[in-house]
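You will see two complexes here that share subunit A, one where it goes with subunit B and one where it goes with subunit C.
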Partner chain A sequence: MTPPPLLEVRGLEVEFVGAGTVTAAVRGLDYTLDGGETLAVLGESGSGKTVAALAVAGILESPPARVVAGEVLLGGTDLLAMAPARRRAEVQGERVGMVFQDALAALNPAYPVGMQIAEGYRLRRGVSRAQARRRAIELMDRVRIPAAASRVDDYPHQFSGGMRQRIVIAMACALDPEILIADEPTTALDVTVQAEIIDLLHEIQADSGMGMILISHDLGVVARIADRVAVMYAGRVVETGPIEAVYGHPAHPYTEALLAAVPRADVRLERLRALPGAPPSLTSPIPGCAFADRCSHVRPSCRAAVPPLAGVGGAGTAQASACFFAEEVLARV
Partner chain B sequence: MSDLVLEAHDLVKHYPAGGRLGRRRVVHALDGVSVGLRRGEMLGLVGESGSGKSTLGRLLLRLEEPSAGRVLVEGTDLADLRPRELRRFRRTMQMVFQDPYGSLNPRMRVDQLVSEAWDVHPETAPESRRQRVSELLELVGLRDSDRHKHIHQFSGGQRQRIAIARALAPRPSILVCDEPVSALDVSIQAQIVNLLRDIQAEMDLSCVFISHDLAVVRHIADRVAVLYLGRIAEEGPTRELFERPRHPYTAALLSAAPVPDPTVERTRRRIRLPKVIPNPIEPPSGCRFHARCWRATEECATTVPVLSPDDGRSRFACHHPVDGGLAEIERRAAETEEALP
Partner chain C sequence: MTVVGSLRRAGAPHALRLLRGDRFAFAAAVVLTVVVLGSVVGTPLLRTAAVTVDLSRRNLPPFEGEHGALFVLGADALGRSVLARIVVGGTTTLSIAVTAMLVAVVVGGLLGLVMGTSRGWVDLLGMRVTDMMLSFPTLLLAVVLIYLFQPSFLILVGVLAVTRIPAYARVARAEALDVSARDFVLGARALGAGRPRILFRHVTPVVAPTLLTLGAVDLAYVILLESSLSFLGQGVQPPGMSWGLLVAEGRNYLLTAWWLSLFPGLAITVTTISLNLLSGWLRMILDPRQRWRVENSRTTRRLRRAQDGGAR
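Take a look at the complex of A and B:
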C-alpha cells in the first residue's frame, strides 16, 4: 500500500462575496503533494492559484472570501475543520511556511531582519533572544546571505530585492515546516536574481526534504525545479502530472495552447500561436468545460457537462486531464 | 536619405539623487549611449532594472532632455527645433506603455481616446473620424461597438489594443513600446506580440521595443541592444546575439532566462554572477560589469571598453569577449568558477 500523501486537497471551493455578486474563484480543486517533492501550480491571472494556496495555508481573508466546500488534509487532519486559533498555533509557520511575491510587504521596515527571521522561532520554541539571534544567523547563512553575522541587525531597506526575498525564505523556514508554499517568489525580480532564488528554493527543499508548492504563471521558472505540475484554469486543475509528461505531451488543449503561446529565448519560433479570447467570468456558473469558448477542438458535449480530472495514457501513468477528448489531444503531438 | 530614422549619439542622462549641499549625488542613468533605429526594423532594448533602457526610450522621444548628447530624427536634431516644428516631429513618434490603465484616461470613451491625437495634430485628421476610428479598432482586433465603452470595461490585453490604436491614429512612422506585454498573461501576451508584428509590417513602422523579457525580444526584434548600468554591452542582429553572444553579460542574461522545457532547464549549467548590480550613483570604474565578470582582468577595472566596429556580427564593449554557443560558454564559465580559490 502506498503511504498517504503529505498534503491532499479535495474538492476545494472558495467564493468571494461582493456587492451583489458572488465570484467562484476556486471551483472544485484537487491535488496532492508528497514529502520531498515540488509541485508547481501554473495558471494565469484569475485562475484561482493564489486563492487556493491561501486557503490551504489558512490565511484567506474571510470575509470577503468563504470556503464553501472541500478538505485540506495535512497528514490526515482536515485543516479546514480545525479551529482558527489551534490552526494558527499548530500549523501556520510551524508545519506550513509561506513565501510571497512582494518581500518588502512581508517585512516590517522598523525592525532588524534577524529579529524578524527568528521571532516565530523564539516565541514557539521559548528560547532566549540570544539563541534566537544565533538561529537567525544560521538561517541567513543557509539562504546564502553573505556575512550573515554582521548583517543580522540590518534593516530591510539595507538589502537588495533578491536579498530581501532570501530573508523572507529564511523566515518561512525558521520552524522547519513540512511544506513550503511559494507564491510567485521571483516575479518581481530581475532575471539573473530570479535564477538564483529559484535555485536556492530547490536547494533548501532538497536538503530539508520538505514538500514545496511553487505557484507561478511562468512556464520557464517552473520547468527548472518542479517534479510535478498542476495547470489551473478558471478555478480548477485542468491537467496534472510529472512535468516532463505535461510539457512534452500535454493532454489538455489549454496546456497545449499555453506551451505554443510562450516565446523561448533559446529557439526562434516563426510565429506564436496566440490563444483567442480571454478566460470566462467567474461570477456566473459555467455549465460545461470552462475552456470551451477558446478551444479549437470544442464539441457540443463539452458544453453539456464539466469534464472530470481523469487519468490519461493508460494505467501506470500519473498524468490526468480534465478534457473529454484527452486521448486525442495526447495523440496530436 | 539616411537609412536611420532615429539616432542617438553619446546620450547621457544624470538625475539628481539628493544628498547634502556641496556633496550632490547623481544617478548615472545613461552614460554615453549611441544607437540607431533603421527604417522598418524592430529594435529590442533589453536590460535589468537600472540598465537605463526606459530612460533611453524616453530620451529618444524627447519626453526628457538628455544631460548631454544628441537625438536625430530623420537626420534632424530635435534640440534645434522651435516648439512648433518640434510638435510636428512629435506626431511622427508615438509610444505604448506597460500599463494602459495608467496611460489612458478612464473618463474618456474609446473613440475619444483614439481620436484625441487629431485635435492635437489637426493635419493628420481623416475626412471621416468615425470611419477611421472603426478602421483602427478593426486593425487592433476590437469591435466597432467597443467605441462607446470606457477603459474599465476591457481586459488588460484589450486595453493594450486600445493604447496601440491610439498611438497609431496620428500616422506615426516611429513607435516606441516600453514593456508593452509585461503585465499580460502568457496567452494574451502572444496576441499582442503577433499584433505588433503584423502592424509594424503593414504600416511600415520603425519600432523600439523595450523589455526585460529576453524570450519576447528574441521573438519580435530584428536587432537587439543589451544595456547594463547605462551603457550598451552588446548590440547586433537578434539571431546572432542570441546564438553567439560576445559580451559575458549577454551570455549571463541568456543563461539565466528560464526556458519552458524541463529537459533543457535541468541539464544546463547556469552562469552564476557574484554580487548584485552595482548602484548607479557610484558606477564601477572601467567596464561596469567587471566586478561580476568571470573573465575580468585588471584592464577591465581601469579602461572603459568601447563598442567594437560593425562587422556584420554583434558589436560588443568588452576587452575579453566570449565566443561560441551558449552551452559552450556556460561550460567554460563553470570551469573558471571551479578553478577559483
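Take a look at the complex of A and C:
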C-alpha cells in the first residue's frame, strides 16, 4: 500500500457571496501532492487556481469568500476543520509557506528586508533579534542575494524585481515549511529573471524535500520544473497527470486547445491559434461539462452531466481526465 | 515602532546631520528648540515677573534698555513684563496644543485603523459620526462645547482634541484600507499572524508617518485654535495667560501700545511656520523611500565631506 500523500485536497468548494449573487469560484477540486514533488496548477484567469491556493494556505478573505465543502488534508489532518487560532499557530508559515506574484506589494515598505524575512522565525522559535538577523542573512544567501550581510538592513524599494522575489521566497522558507505554494511567482518578472527564479525554487525544493504547488498560466515556465500538472477550468481540475504525459498526449480537449495555442519557434504560423469564446459564468450552476460551449468536439451528452475525473490510457498511468471522450482525445494525437 | 526604530538605526548623529542638510528645517528646529527651552527653563524663573504689577512702567515701549533685559519687549497696561508674559503664556499654549494634538493623533489614529481594517457596521457608524463632526465649523463646535463646561486645562485639551479627532480618523482609515489590501498583509496572514499583530506591526508602521506629519502640521493649527479661543475669551482665563489671550488683551491698546499684541502674535506666527517646515522634513525622514532626498541634498553631502576630512 502506498503511504498517504503529504497534501490531499478533496472536493473543495469555495463561493464568493456578493450583493445578491453567489459566485462558485472553486466547484469540487481534487488533487494530491507528495513531499519532494512539484505540482503545477495551470489554468486561465478566473479558473479558480489562486482562490484554491488561498484556501489551502488559510488566507481566504471571509467574508466574502466561503468554503462550502471539501477537505484539505495535510499529513492526515483536515486544515479546514481546525480552529483558526490553532491553524495559524501550527500550520501557517510553519508547515505551509506562500510566495506571491507581486513581490513589491508582498513586502512592507516600512521595514528592512532582513526583519521581514526573519520576523516569523524570531517569534515562532523565540530567538533573539541578533539570531534572527543571522538567520535572515543565511536565508538571503540561500536565495542567492549577493552580499547578503551588507544588504540585510536595506529596504524593499532598494532591490530589483528579481531580488525582491528572492526575498519573498526566503521569507516563505524561513520556517522550513513542508509545502510551498507559489502563486504565479514569475508573472511580474522579465523572461531571463523568470528562469532564474524558477531554477531557484526548484533548487530549494530539491534541497529541502518539500512539496511545491506552482500556480501559473505559463505552460513554458511550468514545463521547466513540474513533475505533475493539474489543469483547472471553471473551478475544477479537468486533467491531471505526469507532465510528459499531459503535454505529450493531452486527454482533455481544453488541455489540447491550450497546448495548441502556445506559439512554437519551429512552426511558422500566419496567426496565433486562439481558443474562441470565454469561460462560463460562475454565478449559476453548470449542469454539464463546463467546457462544452467552447469544445470543438462537443456532443449532446456533454451538457447532460458533469464528467468525473477518471483515469485514462489504461492501468499504470497516473493521467486522469474529466471528459467523457478522453480516450478519443488521447487517440487523436 | 519602526518610525522610532528606523531613526534609531540611522543613529542620532546621522539624524542630526540630515537635519543640518536641510537649511529651512534646521532653522525651524533651532527656533522650536529656543521656544521649548525658553518655556521649560524660563517659566519657573519668570512666573513672578509675569504677574508683578508696577504702574510706573505702564505701557513701557520696547527696546528702551534702561529697565533691563526683562523689559526689552516693553511692559503692558499694568507694567508687567511682556517678555515674561510671552514665555509663561507660551508654556500654557504649547502644553495645551501638544497634549491635544497627541490625544487626537492617538485616539483618531486608533479609531481610523480599526475602522479601516474591520469594515462592516463599525466602519459605517464611525464614518457617519466623523461626517457629522466635520460638518460643524471647528471653532463653533469648540465654543459650544466650552460654553457647556467651565473652561479649564483639561476641558480645553479635550475640546481641541475632539475637534481634530475626525480628521485623523479619516486619514488613518483611508490609509489602513489601502495598506491592508496589499499583499504583505496577506503574506503576514499566510505566516500565521493574528489580527492585532497585523494591525499594530504591519499596518500601523506604514500609516504612522502620515499621521505624525499631519500631527505636526496640525499642531500649528491647534495652537492657532487655542489662541483664537482665548482671544474670544472662551479659552484660557485671566489671570492665566496664553499667546492668544495676550493678543486679545493688547487689542485695547493697539494704537498706543502696539507691542502688547505684536510680540505674542509674532511668537504664534514664528512657531507655527517652524512647525510646518519641520513637519515636511519629518515626513521625508520617516519614509524609507523618501529619505534619500534629504541624504543626497547638496548641503548634507558637503557636511559629510567636511566631517570625513576632519576625521582624517
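The working rule: the second predicted complex is superposed on the first by the 325 of 333 C-alpha atoms of A that agree within 3 Å, B and C clash if a C-alpha of one lies under 4 Å from a C-alpha of the other, contacts with A are read in each partner's own complex, and residues count from 1 in each chain.
The rule is simple: a residue touches a chain if its C-beta (ideal position, glycine included) is under 8 Å from a C-beta of that chain, and two chains touch if they have at least 3 such contacts.
What you are looking at is a predicted structure, and each value in this text was computed from that prediction instead of being measured.
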item: Partner chain(s) touched by A:Ala19 [first = subunit B, second = subunit C, both, neither]; value: neither
item: Subunit B versus subunit C as contact partner of A:Ala83, first or second or both or neither; value: neither
item: Subunit B versus subunit C as contact partner of A:Ala130, first or second or both or neither; value: neither
item: Which of subunit B and subunit C A:Ile59 touches, first, second, both or neither; value: second
item: Partner, of subunit C and subunit B, that touches more residues belonging to subunit A; value: B
item: First (subunit B), second (subunit C), both or neither touched by A:Ala223; value: first
item: First, second, both or neither for A:Ser160, with subunit B first and subunit C second; value: first
item: Residue ranges of subunit A touching subunit B (in the complex, touch as defined); value: 44-45, 160, 162-163, 190-196, 198-199, 217-221, 223-224, 226, 243-244, 247-248, 257-259, 261-266, 268-269, 271-276, 278
item: Residues of subunit C defined as touching subunit A within the complex; value: 2, 6, 9, 182-184, 186-187, 189-194, 202, 205-206, 209, 288-289
item: Subunit A - residues contacting subunit C, complex; value: 57-59, 85, 88-89, 91-94, 96-98, 100-102, 105-112, 116, 119-120, 124, 153, 155, 157, 168, 171-172, 175
item: Residues of subunit B that touch subunit A when the two form their complex; value: 48-49, 155, 157-158, 185-191, 193-194, 212, 214-216, 218-219, 238-239, 242, 252-266, 270, 272-273, 276-277, 326
